[in-house]
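Structures for review follow.
One chain, subunit A, links the two complexes that follow: it is found with subunit B in the first and with subunit C in the second.
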Partner chain A sequence: MIEMTHHVALISRRSLIRTARQPGTWIPPLTFPLILMAVNSNGLRAATHLPGFPTHSFLAFFMPFAFMQGALFASGIAGTDLARDIDTGFLNRLALTPVRGGALLMGQIGGAVGLGAVQAVLYLGAALAAGVHIDAGPGGAALILLFAIGTAAGFGSLGLWLALRTGSGEGVQSMFPLLFFLLLISSMNLPRNLIEVTWFRDLATINPVSYLIEALRSLVIEGWNAEALLLGFGCMLALMAVSMVLAARQLRLRMTRT
Partner chain B sequence: MSSRLEVALALAYRQTTVLLKNPSFFVPPMLFPLMNFVAFAGGLSRLHQVPGFGFPDGYTAFVFVFVLLQSAAFGGVFTGFAIARDFERGFARRLLVSAPHRSGIIIGYGLAAFVRWSMIAAVLTVVALVGHMQIGGDGIDLFGLYGLAVIFNQVGLLWACGVAMRLRSVQAAPLMQTPVFLALFLAPVYVPRALLQGWIHSVAALNPLTYLLEAGRGLISGRPDEVVLAFGVALLLLAAFAVWARTGLSRAERAGA
Partner chain C sequence: MSARDQGIVVEGLVRQFKDIRAVDGIDLTIEPGQIYGFLGPNGAGKSTTVHMLTTLLPPSAGRATVAGYDVVADGPSVRANIGAALQETALDPFLSAREHLRLQASLHGIRGQERLRLQDELLQRVGLTQAADRKVRTYSGGMKRRLDLALSLIHGPSTLFLDEPTTGLDPQSRAALWEEVGRLAREEGVTVFLTTQYLEEADVLADRVGIIDHGRIVAEGTPASLKAEIGRSTVEIVPESGDQLHRLGEILRRFGTDTAARPGAAAVRLDGNGGLADVVRALDQEDLRAAAINLHSPSLDDVFLAKTGRKLEGAEDDGP
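This part shows the complex of A and B:
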């Protein structure tokens, strides 16, 4: 167990350093969601005039979008880095060492999780500076950070599975529009009860990303909503678990093949 | 003139063939506007109930104009990625050596951008019609709308071409697309300009793309408004970015690509 923790720490450290050394990797996830949050929260402010809209601040309503977009970037970062390791043969060399598959996978998402933590602090700080009030108080703010990091880890694990499955960075990147589509067909822009088009509302209802967003949103605009938090944390943990299982299975297959 | 046209047609043919033979180059740019259209038209349609919205043909038509113009601009920008790739792989160097009239190179890339976007626009229009988009405008109005989009497609291409020929690397891709993306979203995307509040209202008033978007929405609803102004702005942008692209080509020539 101690040995495995040591292995996870070593691979995580490598992953973190690698991410930090590539500004092209971490600048877009830090800036792009903030820009979109600033633009869209103003462009869509008129939506707060709709009867039944839950808050007067569209920025507070829209804030979770930044966390989700940041988490999607995490999947790309973790996946692309692992794909590069496959491409350069690092993974094969690592397979000759006593490092276990589980340690390798957990370590590989270190960069994405580290960046996820920085992103979460930055997005939350920017929102607070722009006047967003967290209804759930400081405890809610801490939970937002925890939730954002967990979501980054979940999407990061999904990126690992994609990398192991496709074996190429291009393959991982080509899945990004699909993941982004999951974000678009969620309740990110309007609450589900205000979505007029039935098929879109149905898609948003079966889309787990809606519940991830709504959990974060509930802490900002409602306070402590047990149902939203349970659903959100449940989806986040399920995403992590399913992605890790898929990645572990794919890693075994890849190692067998080589 | 004829050799310039030959260079342009040959290059456009090559670019289109490469595009069609590589789904990974073609599919994502096709999916991007479609996804936006589905998300906006489906998820935000309640916005037409906001007091003062005042667009008669429904939210689908309102947002279609934005997505059409967005697809046009990105059709050009994605062709810019191909130009950068050509420089990275040495094809552009051989092209500069062999082309008798080098300005034909920009025209060729422009034609390729148009062909690429035409396919995207056709799919987008079919999807919008299947989604029961209401069109209030007549044939002439729609010709004007698509004409505006064609010009904007070339504006996007010329901007990206200028960047690609100056930096000659695919790593310049964010520099090609981010300003276009921002300029588009700083226009009245989701609601009419009158409903925008705060700083974005002031920025939208200064943003030239606002006039293209508003004229496009007037054309699709059959109530053309400030169309001459919009075409004037579009042609001005076209002229400015043509100079940007041509000076970029000169830079590439001086650098020996």
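This part shows the complex of A and C:
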């Protein structure tokens, strides 16, 4: 166990260094969600006048979107980096060391998780600076950070699975529009009870991303809402578990060492 | 008996990929401390064999032991005792050489002062001390290959697999790598399994050579024995005056049988009735002056040609 933890730390360190040395991979996830948050919170401010809208601040309402968008970027980074390792043979180099498959996967998402943490602090700091009040207090703010990191790890694992399945960066990138589509058909812009188009509301209701967003949103605008938090954390943990299992199975097929 | 006292033993090794039998029942015995050159064209089965022997690919049939451990039953023990520089220079362009060595050593459980000492020693040995902290993406092909070699040696393996280690290298980098590989076998007793498309590489480095074609070993032995097996040397002479070409041919035929020569020259394959010195003496006695004399010894390319009926791809690329 100690050895495995050490291996995870070593591979995570490498993943973090690699991510940090590629500004092209971390500048967009840090800036785009903030820009979109600023544009939408101004442009869609009128939505707060809708009867039943849960808050007067659209920025507070929309803020969780940034965390989700950042997590999607994390999936792309983790997946693309692993695909490059497959392509260059670096995965074979690691396979020739005593490192275990589980440590390899957990280490590989280190860069995505690290970036997820930096993103979360930045988004939260920007929102607080813009006057957003976290109803759940400092504990809620800490939980938002934890949740954002967990979601980045979940989507990051999904990226690893795609990389292991396709073996190419292009394969990983091709899934990004689909994941972004899931974000768009969620409750990111309106509470589900205010979505009047039935099919859209139904899609948003069966879309797990809605519950990830609503868990974060509840901490910002409602305080401690057990139901929203349970659903959100449940979806996040399920995403992590399913993605990790898929990635681990695919790794066994890809890394056929005896 | 330690891993260093064990070589490589392969019996009936097979690897089937759907309809393709990439490796078709090969048998090998490589003594510890020996450099074994595995020669063959692209797609012959060289890399598949290396992948099986390094435990990266399970064999479909047959068995193999490396450093005394079975590649299927004792995968982790095999990996602990081997180093491998595979065909791709598997490096992270965003890490430096020192960071690569640190990661590789740490994953093998080498820590602290020992790791630092090994890092510095290997960097010096492969001539990368000055560039140790530069990102690998700024390295030349030769530097990447040397780093690849250093990484494969960090945990002191008893057996080293080098899969086409000099492909694409300039002659200087190629010679430097040959020297280091030779030193490892000679001074440290490392068993080296080297695949190559370059005949000269196998000729210069290998104690024994195996020629693989279509997944099967078609010839095996020392380079000298393989060359001796297929034939004798050829003497080609260009006369000082073109009108002496016919007479030159007559003299040469006393020593062997006619063979193809370039325009303006005559050549014979020596048949044992005298060597080059006898030919020169005969020319002198006949008062025939030569502008150029070439003695062509049989090469591994000739061996390959004789065993497979075709020339080895890339043989023309052989550099000095």
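Just so it is clear, the second predicted complex is superposed on the first by the 256 of 258 C-alpha atoms of A that agree within 3 Å, B and C clash if a C-alpha of one lies under 4 Å from a C-alpha of the other, contacts with A are read in each partner's own complex, and residues count from 1 in each chain.
By our rule, a contact is a pair of C-beta atoms (placed from the backbone, for glycine too) under 8 Å apart; a residue touches a chain by one contact, two chains touch by 3 or more.
Every value quoted in this text rests on a predicted model; they were computed, and no experiment measured them.
J.: For A:F181, is the partner it touches subunit B (first), subunit C (second), both, or none of the two (neither)?
T.: first
J.: For A:T5 in the superposed arrangement: first (subunit B), second (subunit C), both or neither?
T.: neither
J.: Applying the document's definition of touch, where does A:I17 land relative to subunit B and subunit C: first, second, both, or neither?
T.: second
J.: For A:P28, using the defined touch cut-off, is the partner it touches subunit B, subunit C, both, or neither? Pick first, second, both or neither.
T.: A:P28: touches subunit B, not subunit C.
J.: Please work out whether A:T205 is in contact with subunit B alone, subunit C alone, both, or neither, and reply first, second, both or neither.
T.: neither
J.: Quick check on my understanding: which residues of subunit A belong to both its subunit B contact set and its subunit C contact set?
T.: Overlap of subunit B and subunit C footprints on subunit A: empty.
J.: Could you list, by residue number, the parts of subunit A that touch subunit B in their complex?
T.: Residues of subunit A touching subunit B: 24, 28, 35-36, 39-40, 42-47, 49-50, 170, 174, 177, 180-181, 184-185, 188-190, 194-197, 199-200, 203-204.
J.: For the complex, which residues does subunit C have touching subunit A?
T.: So the residues of subunit C touching subunit A come out as 54-58, 71-73, 75-76, 78-80, 82, 84, 86-92, 94-95, 99, 103-104, 106-109, 135, 151.
J.: So in the complex, which bits of subunit B are touching subunit A?
T.: 24, 28, 31-32, 35-36, 38-39, 41-47, 49-51, 53, 171, 174, 182, 185-186, 188-191, 195-200
J.: Which residues of subunit A touch subunit C in the complex?
T.: Interface residues on subunit A, with respect to subunit C: 3, 6-7, 10-11, 13-14, 17-18, 21-22, 85, 88-90, 92-99, 256-258.
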